[in-house]
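Paired with chain B in one complex and with chain C in the other, chain A is shared by the two complexes that follow.
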Partner chain A sequence: MIKYLIFNKSQDSVKTNVPGSAQAVACEIARTVEMKGNTANDFIAYPDDSSEATFESLKAFPLFSVELDQQKIDIWVNHAQPLLEMIDNVQDALGNAYSMIAGAVQDLESHCKSSELFSDLDLTSDMDIDRAFDYVETPSEDAFVEKIIELFDVSSFEVTG
Partner chain B sequence: MTTYLITLRRDDSQAIHKAGSVEEAACEIAQQLLCFPGLSERLMAIKSDSPLATFSLIKDDVLCSIEVTKKSIDIWRNDVANIKSSINDFHAAKNRAESLLTRALDDLDSTFDNSAAFSGFVPSDDISVYGVLDELGISDLDGTFNRALGEMYKFKSYLRASV
Partner chain C sequence: MTKYLIMENPPDSGQFNESGSREELACAIAKVASMHEYSADHYIAFAVENPQASWAFLKDSVKYTVEIDDERVEIWNKEIEPLLQNAERVHDAIWEAYSNIFDAAEEFDNACQNSRHFQDLTLSEDLALDSIFENIDNTSKFEISEKVDEIFEVETYSCDSN
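What follows is the complex of A and B.
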């Protein structure tokens, strides 16, 4: 089992993780756990006992550590990644559903406003589309990330002070 | 301003309102405000100051009354039709969104279920698409619009609750 330290990659850095490598998987896990919309390429991973990790730690604190062996890499590739794709599909479906409903609300408001007598009629102010969609997005992703943290022994480091 | 009383057309009645007439529009308005389940052609509009209106009132045949002007009929044919169509489009969009999300969640459930490492977690247990879309606060959309229409057309229901 090798522990990898994951760092933010600076914008001018030309270093990249080799696709399919353990480091690349570690960065995929990091971006999944981080949930900030970053890509795996925004991170760089090094084994914790490597000189690169020591050198990188002098510049900035690592964001995460992940423990991986071949079995865990296989779990990531064969199980977690397909699930992530399905979660992304749900996110896309949510985005499409949001657009459909927001568009219909906009049309409705526009037809009311263009009417001489119904311009003051307020049919939509009680609607809270953002709140409704926030509610659906949170639970699934949080539960999945908790499971990822558990399976891959992910630790996150927070810099305080 | 003309007041119309609205009654049910008898099944054997041959009298049909002329297409594009005020009476035809009055029946459409009444159908909307009464939430009448049938077509508006099953209703009949009678001017309130006509002998037939008095007769219908005595016979207790009147479902409702509405007041219309040329302008309010024009509004019905133009603005209201557009707003009604937008409300229907909104409901259709909500149904499409529900179906899209339900399909995506079913696929997600099934992928989790087929995964040895992640089985036991059922995402849809935590998410009710229908509950979520109810959070939109759209339950009284039609009611609010109907109340506004009712005020505009001075709608009065003559329906009595059956005992």
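What follows is the complex of A and C.
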């Protein structure tokens, strides 16, 4: 089992994690746990006993550490990553649902307003779409992240002061 | 102004409303009034002076009557049909949105159930999808139906059992 330290990658850095490598997986895990919309390329990972990790630590504190072996890498690639894409699909479906319904309702409202006969008809005031979608919560994303933290022994380092 | 009597059209009756006729329009109005997704041939209509209309009255099979003249035909074509299409689009959008979210959540749940490591995760229950959509109270069909009843003087003669 190797522990990887994950750092924020500076914007001018040309370093990249080799796609498919343990370091790349470590950065994927970091961006998942971080939940701030960053990509894996916004991070860089090094084994904790490497000179690169020591050198990088002199410049900035690591954000996360992750423990990986081949079995865990397989779990990430074959199980966790597909589930992450499915959570994204649910988020997309929720976002599209709102705009799809709101667009159709707006067309109906415009039609009524421009009609001589139906301008007094109130067809949409009961359709409180904003309120409906305020209720949407996807707590499973949090539950999923908790599971990832547990499975991959993720530690977060908070810089205080 | 002509009054039309509308009754249910049994599938084996062999009778159909002529396409583009006022009888066909009378049945379309009845469909809006009943707020059901019936097929175009679910009802058949006869003008009140048609002998078949008297026969239908005798058999007590009249479901609706509507009153149509040229002006009302124009209202239907220019105002009501496009409004109904827009209302249908809202209905379709709600249904499509619901099923897209449901399918995506179900895919996640199924994948979790088949995974040794993520078996205890679910999404569908947590999403409470039904309560989201309960808040989108789409009453447009009901409102339009009331207005159509008023314009075409729709009378309902018996409870629609379907």
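By definition in this document, the second predicted complex is superposed on the first by the 124 of 161 C-alpha atoms of A that agree within 3 Å, B and C clash if a C-alpha of one lies under 4 Å from a C-alpha of the other, contacts with A are read in each partner's own complex, and residues count from 1 in each chain.
The rule is simple: a residue touches a chain if its C-beta (ideal position, glycine included) is under 8 Å from a C-beta of that chain, and two chains touch if they have at least 3 such contacts.
Treat the numbers as computed from the prediction; the structure is a model and nothing was measured.
In the superposed model, A:A60 makes contact with neither chain B nor chain C. When the two structures are aligned on the shared chain, A:H79 is found in touch with chain B and with chain C. Once chain A of one complex is fitted onto chain A of the other, the partner contacts of A:N89 extend to both chain B and chain C. In the superposition on the C-alpha atoms of chain A, the part of chain A touched by chain B in one complex and by chain C in the other spans residues 75, 79-80, 82-83, 86-87, 89-90, 92-94, 96-98, 100-101, 103-105, 107-108, 111-112, 115-118, 121-123, 126-129, 131-133, 135-136, 139-140, 143-144, 147, 151. Listing the residues of chain C that touch chain A in their complex gives 75, 79, 82-83, 86-87, 89-90, 92-94, 96-98, 100-101, 103-105, 107-108, 111-112, 115-118, 121-123, 126-128, 131-140, 143-144, 147, 151. Chain A makes touch with chain B in their complex at residues 75, 79-80, 82-83, 86-87, 89-90, 92-94, 96-98, 100-101, 103-105, 107-108, 111-112, 114-118, 121-123, 126-129, 131-133, 135-136, 139-140, 143-144, 147, 151. Against chain A, the residues of chain B that register as touching in their complex are 75, 79-80, 82-83, 85-87, 89-90, 92-94, 96-98, 100-101, 103-105, 107-108, 111-112, 115-118, 121, 123, 126-127, 129, 132-133, 135-138, 140-141, 144-145, 148, 152. Contact residues of chain A toward chain C in the complex are 75, 79-80, 82-83, 86-87, 89-90, 92-94, 96-98, 100-101, 103-105, 107-108, 111-112, 115-118, 121-124, 126-129, 131-133, 135-140, 143-144, 147, 151.
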